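Both of the next two complexes hold chain A, though its partner changes from chain B to chain C.
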Partner chain A sequence: MSTAVERAPASALAGSEPVGIAGIGLGVLAFWLALPPVHSRTVALPAVVGAAAIACGAWAVAGGRRRLGWAAVAAGVIGIAGAVLATHASVSHLQAVITWSTILAATLVFATPLTYAAIGGMFSERSGVVNIGLEGMMLMGAFFGAYGADKTGSWVAGVLIGMASGAALALVHAFFAIHLRADQIVGGTAVNFLALGITGYLYVDIYGNNGTPDNLPAIPDVHLGWLGSIPPHSLGSFLDEVLGSQNLMVWLSFVLLVVAYIVMFRTPLGLHIRSVGEHPRAADTVGISVYGVRYASVVTSGALAALGGAYLSIGFVNSFTENMTAGRGFIALAALIFGKWRPFGAFAAALLFGFSSAFAPQLQNVDAWSTYGTLFEALPYVLTLIAVAGVIGRSIPPAAIGRPYQKQ
Partner chain B sequence: MTDDELDPDLEDVVAEERVEELDSEPEARSGADYAPSVAERLAFYQRAGGIVTPILTALLAFFVGGLVVLATTGKNPLATYRAIFDGTGLNWLFPWVSGTERSLAALNLQQTLLIATPLILTGLAVAFAFRCGMFNIGGNGQYIVGAITAVWIGSSLNGLPGWLHILVAVVAAAVAGGMWAGIAGFLKASIGAHEVITTIMLNWIAVWVGSYLVGFGGPLQDKAQISAPVTKSVAPDAHLPVFWGSAVLQGLHVGFFIAIGALAVYWIMINRTTLGYEVRAVGFNPEAARYGGISVARNYFLAMAISGAFAGLAGSMDILGWQFHLDLTTVQISSIGFTGIAVALLGRNTAVGTFLAGILFAALLNGTSTRNLDPSVFKPELAGNLTRIIQGLVVLFVGADLLILYLWQWRRKLRLGRPRAVTGQ
Partner chain C sequence: MKSKRLLLLAIAVVAAGAALAAGLGSSSSNAAPRATARVAVVTDIGGLNDKGFNHLAYVGLQRAQSKLGVDGRVFITNTAEDRLPNLRSAAQQGYGLVIGVGFLMFDPLDKLAPAVPNTKFAGVDVPYALLASKPANVRGLVFKEQEAGYLVGYIAGLEIKRHPYKGKQVVSGVGANKVPAIIHFLTGYAAGAKKANPKVTVLINYANDPTFADQAKCKVTTQNQISRGSGVVFEAAGQCGLGGLTAAKQSGVWGIGVDADQSFLGPHILTSATKKVDVAVYQTIQAYAQNPDGFTGGSDQVFSVKNGAVGYGKLSPKLSKADRAYILARVSNIAKQIASGKIVPPSGT
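Entry: the complex of A and B
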């Protein structure tokens, strides 16, 4: 009964956590009400919903969930502000920019490579090896995926060759980080330079000025025609537009997500990885091979990041260009940190970043707003900076991250 | 803790002497049953790492790069490197080069030093933070912020006299770069946010905000040419004066001396000021520094801000020295800040080392440019990527002193092993 007594003060405001989460939801809803298809043209309705969000936030803060509460308050304020802006914009502009099905479909497309790389990064970092070389490993996957698909005529072989190349680069990183006890950030930087040089060199050497051939074998899309027949018709066609013809790799990323979660948090192997990342000496003492686990984790991270890269080259754009990952490995790293080194957290962050990538080009549809598209691209990084700064719940890395382990 | 213990510069000098001293040992003492203790050897290898590692690193990287050339194109790597070397203009330093060859070499050397100027400065940006125990990956963002500030001030404020205009633009760019990096320093100092993550984020924020400012319809885009994403040009009186070569042919501007001046400032600041002492103490061991009464947070912030100022300065040198305007592509693909990492690492964060490494990488970049490299010897597009591979290898090997020390140890074992085998008989 003592636990009930201790909890008593907190339960004075019952359920502050769900209320806080509901507050964030209401804040988003307040903004959404002023956008197509609902199109509230007066501020009144969003303002009421936003005020409710702020109230929920205040309730949560009073109940002791300070960060969540303040997030809900912020969501309410931003929701009302966004709604005010939206009601001042012309309806035709809003309709040109906001087509939910297009935006959500594109969000999934942009989030997928980030998801693969972020999940890969999770394995490496959970085992205690910082991997800022994700960008380079993705780039290797993108080039060798395309090259392998071109040479073998099969996208499956392309994907496998791409993964192997990423794993090989990761092995270099692992060797320097684990055996040679080099600085892992320096090693990761080196790996990025190397990948840029190797892929650029081979691309120019093999494909020259012509670029990769147009008939590269591509990873197929999955067509789900039956989605369109789901009643009511508007919902069916909406689902069809969002999910009806996504790439196979998009669906595989969902599978990977679940598998990664189970492996990391529900199996002995995951426990080994996490213990090596939190307290290698203790793990060593109970007979876990610290080096072995770290090598396996880093190589896995390389293979997964390369899978994301291969999706870019032979799943998404069907060609390779020099430095085509263009910083996506770093965004994946940001997603990993934003998601607190957890698979679903990282996926949620990847979706958020994917959304901003999907939304930015939509702004091009209205001339007056087109310049803000590029500004919008900076949003994921600003959010990550805020997240790292500890405003939205502190991201705490694995305890032994970045520290080489020396056997005794 | 004395100043000397903290001073790797001094160790380098000591190491150099020790290397020469020890090199003669196997011959001199081969007859005696001399065997240095394990600790003695280890101490020596650690010190030898100071001067030997960078040289071995660079040689190893070029060697592997040569293997890549040989394996992929079947061409003689030495001939390729020779062609790259000729494009760098460094042959101007040889007294026997004369006539048209010499004037061509002079032109090439001007370009090499032109590229070296920002590389030295971004190298210092990385090196200064390193001395405080931080890894500033954000040199690129700080460079962009500096360049944007310089182009903005250089193309406005037209009433000012030339020298004042330059001064205001350069100082503003350094301050802007310092403030940009200062964000990361502040976050590290106040709540312990890791500077690698924050500077990576700040890099991309700088790229995208810069793209917005410079790009179509952006506030800094030149309204006179609405179809091009490029800023207005810097006023002619705000151009940095050219002191070697022709101003029309993009000769070498005085920014090169500013970079050398920055090296001197860096050396003095690190080695001869209280600030430098504190920065090094924090980098050496933050806990011990805190115990000694040094404010760790203050030094994190200051070191980061000063680092950013160097990178911002680099941006202003390029804008006021030879680019004179900023376009969208430059903002998005510039990688000078990243090359600065390789410069600082190879230069071991010392002033002289950064200078030499800056020249080396600038020479590589210039020697492999399409303008300078003879396509019949080696495709310049390939060579540009070869430069990146070499750059990556350099960073990789520098990061792993142990590898170089293993190799070094191995070499010495071979040499030391022989006399011992004889005495064992």
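Entry: the complex of A and C
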């Protein structure tokens, strides 16, 4: 809350924040009404709801919450436009594409590794060190998670070894960025290639042609069978399909989210991290060890990013292949920026990115729409660019990010 | 299967011939150093041990070294910028035949080949039509992936007819990305499944994974297909597809592998659509070694069911004896018809 409150103008109208959030919700609702299972076949109902979303947005903008307000306006407009398109599409096509339980379950699968890496990145970047090496740290976690689980026969040990490997790689990055004051983008890129080389070499050297063994100890799924018995039946089975057999790491990511928020914004430690990232000189003068905080933050970010990688290898697909993170570290960085370097913001962005990954293949279930999937997958990145460019409320990074600190 | 045996026979005959030519009774490998053909393989990005193209090309070269006694060397390409320098240094170092691996070799081959007319080149997966300079010393080595896809689709269609999954006759295919080779595989697959079983529904999805390494994407795509009732999933998706094959295993449905025979992954692999880059590389080296001056470029050499370079892999040991016999009898008949040109699987491009 702290920074959001600081940045809200003094003239804010009462309640503009909840109204803005409600506006975004109404915009999504407007679109949803035209889709299965509700299937409003006329535009009238979604149009009314969408107009309400736009009104809420306008209220929030007038109340000083510009970014939120414009987002609600955009949600309303997109909701109406989407509803118009949906009412023109045939019902059978919509039903082939929209299976909410499948899409939402896959959204969580794709969002989880991004969440871990983005939260990790938050620690590093809030302390003032750009971490473009998240990708490499995830990859280390993916390989060493699988290797550790294979050698020790325990997924817990695998996860811990994976985290340690990510932390070790982060330490390399931290040393170059903090002690040697190297360019952090260049250092991070080098760290990514280093991880690609290490994991690729060891993978081929250890596992050769046949890949990781198919009996790797896996992070267990959490089976919540009771969800299916929640009345009414349709709701119960829906919840069961979305949440009923997600991996333990998915649930842990929710816990991590809350913990990261509390640590960063509700504890002295978080204040130290943020002050080092905003104004290291000032932090130094009040006795905070800038180097110490930055080292700890970067190493933490490596361990958390590696958790995301371990989820991929021994949580979801249960094997390792070279470069299996496939750019997720960079996407997590985009989620962090889109989420304004805040845990819940980054999580929301990760969900949005995950949703687009989950939804894109669904579009192919209708031949005529199959080519739009790729386009849809690009949407989150367009949104990130808009956020960075500042069209609707700029994403402002920590003030001292990317600038090495020199002790005096 | 029969064509494979013929191929082995042909290899044995040629090897015997080569041994004779190399000097009767001499066991020394450098008996005739002047006659030794020098061959270089330039890999594509991904390393020698990628379980795909590069690896199979290397296997083909190794086989040629041991069976034909050629002098071989591998140039490893690490980045896109390495392709042209690697091809050039192979030519400069006096390798008479230089084989570039991978579709993206078309551009460097196009640039280099006219400048070194005395070196012969071959490009795995490089259609000659893409070479704008029309060099006479480059031969394209292209595969009819649709024939392999057709055969495994036929097997999938038969299997689901005999054992519907949850009462439905649905099979599916996953591609990593829309590139020509994958479109060929999947188009052939759909046609083959329909041929075996007109009642079958075929689902085709792409995981949108340009890296071919993102297992999570193929797994989610495959899970969607399984939830829509697919009982057989074909993964034409390189390493990405391994995630899909895991999904098949976890859901208790059949998986079909691609490129190499992936039966080693376990009994859930019904069969594999094989694309034998090693055979193509070996045969190309063999043709060159026998008559370097007669090795001509300027066109494509097509590898197909007919010459044993594409086909289907081992059938799963989990199949009952009756099912296996039923499938084998029919699919080998279809393979014969493809080889004779009676059936022409669609390529989709």
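Assume the second predicted complex is superposed on the first by the 373 of 408 C-alpha atoms of A that agree within 3 Å, B and C clash if a C-alpha of one lies under 4 Å from a C-alpha of the other, contacts with A are read in each partner's own complex, and residues count from 1 in each chain.
In this text, a contact is a pair of C-beta atoms (placed from the backbone, for glycine too) under 8 Å apart; a residue touches a chain by one contact, two chains touch by 3 or more.
Not measured: the values here are computed from a predicted model.
Q: Assess the superposed three-chain arrangement around chain A: do chain B and chain C clash, or do they fit?
A: Because the two structures are overlaid on the shared chain, the partners are seen to clash.
Q: Can A:384 be said to touch chain B (first), chain C (second), both, or neither?
A: A:384 sits against chain B, while chain C stays out of touch.
Q: Between chain B (first) and chain C (second), which, if any, makes contact with A:110: first, second, both or neither?
A: The answer is second: A:110 touches chain C but not chain B.
Q: Tell me which partner A:357 touches in the superposition: chain B (first), chain C (second), both or neither.
A: Touch partner of A:357: chain C, not chain B.
Q: By the touch definition at the top of the document, which applies to A:374: first (chain B), second (chain C), both, or neither?
A: In the superposition, A:374 touches chain B and chain C alike.
Q: Which of the two partners, first being chain B and second being chain C, lies in contact with A:230: first, second, both, or neither?
A: Neither chain B nor chain C is touched by A:230.
Q: Scan A:102 for contacts with chain B and chain C and give back first, second, both or neither.
A: Only chain C; A:102 stays clear of chain B.
Q: Look at A:330 in the shared chain and tell me whether it touches chain B only, chain C only, both, or neither; answer first, second, both or neither.
A: first
Q: Figure out whether A:156 sits in contact with chain B (first) or chain C (second), or with both, or with neither.
A: A:156 sits against neither chain B nor chain C.
Q: Does chain A have more residues touched by chain B or by chain C?
A: Touched residues of chain A are more numerous for B.
Q: Thinking of the overlay built on chain A, is A:317 touched by chain B (first), by chain C (second), by both, or by neither?
A: Second partner only.
Q: Could you point to the stretch of chain C, among 81-89, 225-233, 261-269 or 279-287, that collides with chain B in the superposition?
A: Clashes with chain B appear only in stretch 81-89.
Q: Considering each complex separately, which residues of chain A are in contact with chain B in the first and with chain C in the second?
A: After superposing on chain A, chain A residues 200, 204, 327, 370, 374, 377 contact both chain B and chain C.
Q: Which of the residues in chain A end up touching chain B in this complex?
A: 130, 132, 172, 176, 180-183, 185-187, 189-198, 200-202, 204-205, 327, 330-331, 333-334, 337, 370-372, 374-375, 377-378, 381-382, 384-385, 388-390, 397
Q: Enumerate the contact residues on chain C facing chain A in the complex.
A: Residues 46-47, 49-51, 55, 203-209, 211, 213-217, 219-221, 223-224, 227-228, 239, 242-243, 246, 249, 264-266 of chain C touch chain A in their complex.
Q: Of all residues in chain A, which touch chain C in the complex?
A: By the definition above, chain A touches chain C via 99, 102, 106, 109-110, 113, 200, 204, 208-211, 214, 312, 316-319, 321-324, 326-327, 357-358, 360-362, 364-365, 370, 373-374, 377.
Q: Residues of chain B touching chain A in their complex?
A: Going through chain B, the ones touching chain A are 68, 72-73, 135, 137, 183, 187, 191, 193-194, 196-198, 200-202, 204-205, 208-209, 211-212, 215-218, 338, 341-342, 345, 379, 381-382, 384-396, 398-403.
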